[in-house]
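Below are two complexes that have subunit A in common, paired first with subunit B and then with subunit C.
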Partner chain A sequence: MLRTSKLERCVDYVVYITSHEQAEFLIKAAKQFNVVLIPFGGGTNVTQSLMLEAHEKRTIVSVDMTRMNKIKWVDKNNMMASIEAGIIGKDMEKELSKYGVMCGHEPDSVEFSSLGGWVSTRASGMKKNRYGNIDDIVISIKIATPIGTFQKTQNSPRVSSGPDIHEFILGHEGNFGIITEVIVKVKPLPEKKIYESILFHDLEVGIKFMYDGTYGFMQLECRSFGRLASV
Partner chain B sequence: MDNKQFQFGMALKTEDKNKFHEAVNAAKKYFITQIMNFDPNKMTLCTILFEGSAG
Partner chain C sequence: MPKFKEWAENVLGLDVKDQSNWSEPLKDLQADPPLENPEFVEAVKGKIDEINSNKYSRIFHSHGHTIQ
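Up next is the complex of A and B:
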């Protein structure tokens, strides 16, 4: 870049928002003045949704969500929590643990990626066999769009009626609007967490073990073996 | 994780805290590669997380 003295297309402004109303205002203004808005959470997107169009003539504004990082409420009766979408995964688990609960969504990027980002990218996590993917964890999404705000009113962890309109929002990659708030399912914090590792002579055996383990044929005896061989 | 990731993980390992740890890790390495006959260029690893009650 220094040698060719050519600067690639970069964002013109960065706006930090702190409330849903600001997101609504921003979208209204962007519509009026024909400005591109790109919601930015943790910036760990792997589908290049955050990459800028090289020949984009319109002004590009990056909407940084990281200041929307508060837990609004935790309902321990229904085991759900309302959380602002800009919160980073690790911070979220830390804050939730103060209430004695956890979310359990753990993508590789959990230290960097945000709740809104997970919803926008239909994320999956390492503990999904127990806690589910983000689509299983989400109860309600609040999203500001150019045609208004959408939020499904739901004050219980599950309803058995109607199609789920969230399917349109999950995986929208920031194309439809800005997610500002998400209600997620929470679980009680486990009393204990133990990490173990097991060595295998080759990949095939390891895969076979995990396959059998996932489908319930694994005997718990492997645990003591794991301790023996852990490095 | 597959062998490549395993080797990379080993490369990123932090330095041993003291001589005792160093000796323990050397013994582990000897046990795994020499006695259990794990091939360092083939071996893979599975991490398991147990979450539950303390009892």
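Up next is the complex of A and C:
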């Protein structure tokens, strides 16, 4: 594209939705009129999730989710929040901070990528050692699919009974439906943020340090010195 | 990056004098006309927030940030 200024195949329409009911309606219409739907959050994935089949003969419609960007509620007793899937990471943290809480998921793309996109691509973040990957953060996902809407009815941090239906949603890259809402775990805002770096002379020493820090003698020290625990 | 050209020539084998691979500066972005589906458009109009077939909006939504 950089050389020719033209993509082999473009989407034919772009739609914006603002509710789960609109997603359900859109999917019904797409089934009826043989249309391909592709959910679009921040567009930052590096796994070709948005790449179009060059010879696709059906009409392709991009479903822009970014107008579904509201925080629906924050439950500070159980430390969770229900948030619309199109919200962009940076905006989500800003809005959550008004309630004194944070999510902590921080992929490199956090300024551009969306909550629904993180779930769709089973995203990881730089602070996952402290806050977890997106699959550790998610409590419940609401997804509209061609055979109906899926959502866990019990919103608790962990359930021991039955298989986890989230497993077919995490990493589905928009193939099975449109994620419209996500309930995530939240944490209290930290009192302070301290940023530090350690420079190593070469890669081998750095890797050895991380290895020792994870499995070796440094574990004890890391726990003793809270500041180093996030290294 | 003063040593970039030298590195590209030595490591990648770039020949800066070879003009056969030079590309023209980008002009306007192009897109084929949309595959229209008037029945679908009619069915969803008014039931969703917005539907458009604007060329730049279509191009923007047709790839990720890495042009994939």
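Simple rule for what comes next: the second predicted complex is superposed on the first by the 206 of 231 C-alpha atoms of A that agree within 3 Å, B and C clash if a C-alpha of one lies under 4 Å from a C-alpha of the other, contacts with A are read in each partner's own complex, and residues count from 1 in each chain.
Methods note: a contact is a pair of C-beta atoms (placed from the backbone, for glycine too) under 8 Å apart; a residue touches a chain by one contact, two chains touch by 3 or more.
Because the structure is predicted, anything quoted here is derived from the model rather than measured.
Undergrad: Look at A:Lys193 in the shared chain and tell me whether it touches subunit B only, subunit C only, both, or neither; answer first, second, both or neither.
TA: The first partner, subunit B, only.
Undergrad: Applying the document's definition of touch, where does A:Leu50 land relative to subunit B and subunit C: first, second, both, or neither?
TA: In the superposition, A:Leu50 touches subunit C alone.
Undergrad: In this superposition, which partner touches a larger number of subunit A residues, subunit B or subunit C?
TA: C
Undergrad: Which subunit A residues are contacted by subunit C in one complex and by subunit B in the other?
TA: After superposing on chain A, no subunit A residue contacts both subunit B and subunit C.
Undergrad: Spell out the residues on subunit C that touch subunit A in their complex, using ranges where they run on.
TA: Residue positions touching the partner: 23, 26-32, 34-37, 39-41, 43-44, 47-54, 57-68.
Undergrad: Using the touch definition from the top, list the residues of subunit A that touch subunit B in their complex.
TA: Residue positions touching the partner: 127, 130, 190-203, 205-206, 209-210, 223, 226, 229, 231.
Undergrad: Which of the residues in subunit B come into contact with subunit A in the complex?
TA: Interface residues on subunit B, with respect to subunit A: 2-3, 25, 28-29, 32, 36-39, 42-54.
Undergrad: Within the complex, which stretch of subunit A touches subunit C?
TA: 1-3, 5-7, 9-18, 22, 25-26, 29-30, 32-33, 35, 38, 40, 43-52, 57-62, 64, 67, 109, 112
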